[in-house]
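The two complexes that follow have chain A in common; it is paired with chain B in the first and with chain C in the second.
For the complex of A and B:
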């Protein structure tokens, strides 16, 4: 009898290993090798044609194969084994693709650029002393504060105002929400066109510079009127500005009027113009998301509460401040969390617009630069760990709130 | 009820603010879209608002930018590459996650809570933490004490690498969302199926999967748009130096960064094309997308 249970335990252990590791590993390797070979054998068009259906369905073979195997198991332990087999591939993939790499990145951050020798905290010291890293961290902080605040405020306004409309609510929300579907690369292209700068005699095709150079009586942005050409006259007119090249206000005429040496004006002159303009892209992309979520939250406020406020004679702004905002506070926190995490991982906008030059860099771009441009794995891992450490408290906060909600 | 008690100026003010916000949001796209239909020379010669002002715009409108971006730039190849990356990267995680979600929702087994905590906990890992080790894993495999656990596969630069990466990054959220959704299904139906002798496999395929279509659609829309619009993972695992490996986003990044100087006619038309697919998915499946998005608020 005892012999029997031990055999059964061994058997179960064997099947569990199969389910949790060997089967998924087999799937992983076979799919990888099959498609790598395919890439070399067939032409590009055929590859794409094959890859879509086959790549999508290959995983089913894994589950069907596992199901067949389960039929060999004794009946009473079948349920347990089946559960293992159902969960196995998910756990395997998360372990191999998230947990193992996370631990390894942490480990690599204490090693040198070739991952050979341990260097202790050298990379971390670099991260907080290197001039470029300090600028990067400064930018990241500005982005976090400004982008999150702006998205939340504009999102709240749109969410609240659309809720008061009788019709056209979804129309307005769709317009503001639409950029969410656009890739950050596409959005950056759109805004680069607005900020576009060309050296003076050329026509300004970006609208901000276009408006600038046509300010004044006889200033034209190279326009043909009645067959006559009115060119740009740089003597008397306002010159165009390369907006994404401005790391502060000093090159702009406004700096002259600010140069009184006081603390406040010094701070003002140092405003990183290009960073602020790039943040606009992100606000443009994510405000709609905030608006849609807030609007759902506002709809859940009981009508009686709002009416009570109105009967008491509270103004609209008072109702907004004292009823709407407190009522959807938890929603605001959720959206804020989402935005903080998104901003910490912002990558495409900077990479496509300035490539991180001109003091516009962010952590995620810096991480990739250290990895693929400078080939310094230690520093790159360190930047990744910094991103992780910044994300950690935010998400733990979310988890704790979730638990409190469940308890109450 | 509440609407009637509003003061007379409320409605016009509301509309005014909303219309101006909507115009601000549309405006960037408007000039961009218009310029995509103007010849490259015209874009540089006169600004688009001057062209409207002087009325020359009507004689300029053309589709030649779109033809050029396909013919000379091979954007269509990048587009097919994007689909070859995106579709499996959406289906594989959904399949794996659906099985796991079923087990977490309807089956009893030892270590269930620990494993679920493992799944949820992995959501906090930002994908930046995974990039370097995954590139090394795909290239050299894993060795523990000299014993190869995973052989050197040399996968970087193939579609498989992006499928696996996106699967890994999308799985925690997919498992979490689908489990949440399946927990909401009527338990009695699943239990009675089991009493009737249906195996878990049949219950899953015949009963739970069809009932979970809405939940699956929510995640699928979210993941599809996420992968299609992704640039970082494509940049790292497919690379941006081989033209035949470009997906739409990395191809667009090449055009926008300025490999061709001031090619605004290609930048505008290319970006508009790259936007069309996600916008179509977005307007078609907006309901699902929003649900997936709200659930995905903490995706790693």
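For the complex of A and C:
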């Protein structure tokens, strides 16, 4: 009997290695070789055309083949094998395209710029001592705190208020949601026009500077009135400001009112204006998304609870704080998690607008700069690892919460 | 009876076929690079001539993301036959990583190559005495754009020396106008215009070309007197009140391509926003369309003023350089053509061409545009006299040349002359 189970186990093991390892491996290799040969024969355009049907046929045949092999296994162990068969390829793919690169990046972060020699923790020391890296990390922290909080708060308020509307709720919600439909690159391009600066006496095409320079008597954004030309180069007119190039408030007129030397005004003068203005773009983009998700959560609150609150004489604010917020807490956590990951990956806004100049850099752009601009693979990998470490608590938190949800 | 004949026939075709392998008709050679738009059209016209003469199908594909793409291609081994880098430093980098084929293996006559393109240019693509890079086009940076009509109307003379330029600037300021246009914002590369100014001043102060070459290798530190003096002269332009239209804000905020626009725009009194703009030869492509038509006539150039008159007249420029990734027969033939004096002729005759040949034997009269004839002559003369120097920041390690040097120039513009010492120290410290 014992002999029998041992044999059965061995047989099962043989079948599963054959079906889940050897056969797929052989199958993938043959496909890779076939395509390598094909690239020699046919042109690229044709190759792309045949790759899609051929590739999907391969996957189809892969599963049929695996299924056929599993059918040789005894009946009672087939279920387990079939489950493995469906999960297996995706685990393999994740391993190949996600896990392996991650491990290799970690490994490269301990090597020099050409990935030749080990340098120990040198790259990590650089990451926490280099002035530019410190600024980048500071910006990333400001972005994390401010963008996530602002998006959540404004999203909650908009979601709550639109829910109270009698008419036109979907209309307002779709307007607020609309920036989400624009790519980050497009949104940044829009805001670049808002912040645009031109040296005088050129016409200001940025809306903020356009309004600024036309303030006051006899100041016009280069207009011709009754055949007479009016500009803004008079000393009494307000000068245009290069918004995305202001690292602090010192160049702005407001700085003069803040020169009293107290710690509060000192801190205020050091506000990174350009970073704040760039964060506005992201808040603008994601507020709508947050609002729509929150509004769905608010709709799910049973009417009885709200009515009970109203009957007890609670004010709107009290209802919002004591009923709405606790009820949709899990939604807030989910949106918050999503926002944290999005901010850590934030790349396109900086890349399109300032490209990290004048202390606006973020980690994702820095990673690319180290790779392609300074060609330092070690440092680039180190920045990638730092981003990964920042995302790690979020991933673990989400996983823990998922487990709790499953348990309960 | 017929069989031996057939065998003989087959053998003959085989032998002929083997010999016929010498023809490169239909072979494909690919070149990638950063040239796009008009430049790409010009380059394609140049290589079309190769295809016409040899039958080799040469294709060029430009991309504004070229430098990242070629990095990835080199990592994966999926390289084109040639890459045309906008700066020679990248060629040296690729050669050091063992990616490129030496020109000697491409059967290039190296002595002839050196005498055609000057030993300085050739030296830029050389690693440990082995030549990897092929010089191609050059551009000129040592020029100041101005409008002769505006100068004449006010009785201004074109300044030949730095002191004359400062005197002219002071006169313009005293008449209530701004002499200079200066904008160095450039997405991800902000600050390079100031590094260009520094380089032009360096070539004309200290020991000229000699101290310049030492500076490139950090043998001459940024904190040295010569370099600090250059920064002080630059700061004089940036920070003297009313010298630059819009002041510091304009310097750091204006996109370099729009920096000259005030010159083409008149204020309420009919005065242009500025009178002088030091910028490289490519800048007309960024001008408003109406101004572009008058390039070389309405808006033209004077050479960057002499500072130390005992030094020879130098020219600062940039240029691209190609590297070859293999030594196929077709690659060798194309390399030969890329280095010939006539290579740039088709592009030179195009109406919108802005690229200038770096070949000293190039016939400058062939350029269809007036401005290109002026610039081309300055370049070939400087090259022949070995007084042509490449952009120093392009030759420095990328952490400096594309990192701290740019960054500290931006900081200098914001912080003012008191920051010069700190800026120089910071750049020296970042040298790897």
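In the analysis below, the second predicted complex is superposed on the first by the 315 of 408 C-alpha atoms of A that agree within 3 Å, B and C clash if a C-alpha of one lies under 4 Å from a C-alpha of the other, contacts with A are read in each partner's own complex, and residues count from 1 in each chain.
Note that a residue touches a chain if its C-beta (ideal position, glycine included) is under 8 Å from a C-beta of that chain, and two chains touch if they have at least 3 such contacts.
All of these numbers come straight from a predicted model, not from anything done at the bench.
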Residues of chain A touched, compared between chain B and chain C (which is higher): B
Touching partner for A:201 - first (chain B), second (chain C), both, neither: second
Which of chain B and chain C A:310 touches, first, second, both or neither: first
Which superposed partner A:233 touches (first chain B, second chain C, both, neither): second
Chain B versus chain C as contact partner of A:358, first or second or both or neither: second
Partner chain in contact with A:108 - chain B first, chain C second, else both or neither: first
Which superposed partner A:241 touches (first chain B, second chain C, both, neither): second
Contacts of A:371 with chain B and chain C, given as first, second, both or neither: both
First (chain B), second (chain C), both or neither touched by A:164: first
Common interface residues of chain A - those touching chain B in one complex and chain C in the other: 198, 202, 355, 368, 371-372
Interface residues, chain A side, partner chain C - complex: 114, 132, 197-202, 229-231, 233, 239-242, 244-245, 247, 251, 354-358, 368-369, 371-376
Touching residues on chain C, where the partner in the complex is chain A: 67-68, 71, 93, 97, 181, 183, 185, 187-190, 245-246, 248-250, 252-254, 258-259, 261-262, 265-268, 273, 398-399, 402-403, 407, 410, 414
List of chain B residues in touch with chain A within their complex: 1-3, 5-7, 10-11, 14-15, 17-18, 21-22, 25-26, 28-29, 31-32, 35, 43-50, 53-54, 77, 80-81, 83-84, 87-88, 91-92, 95-97, 99-100, 102-104, 107-110, 112, 115, 118-120, 122-134, 137, 142, 150-151, 153-155, 158-160, 163-165, 167-169, 171-172, 175, 199-201, 204, 225, 228-232, 235-236, 244, 248-249, 252-253, 255-257, 262, 264, 267-268, 271, 274-275, 278-279, 281-283, 286, 289-290, 293-294, 297-298, 300
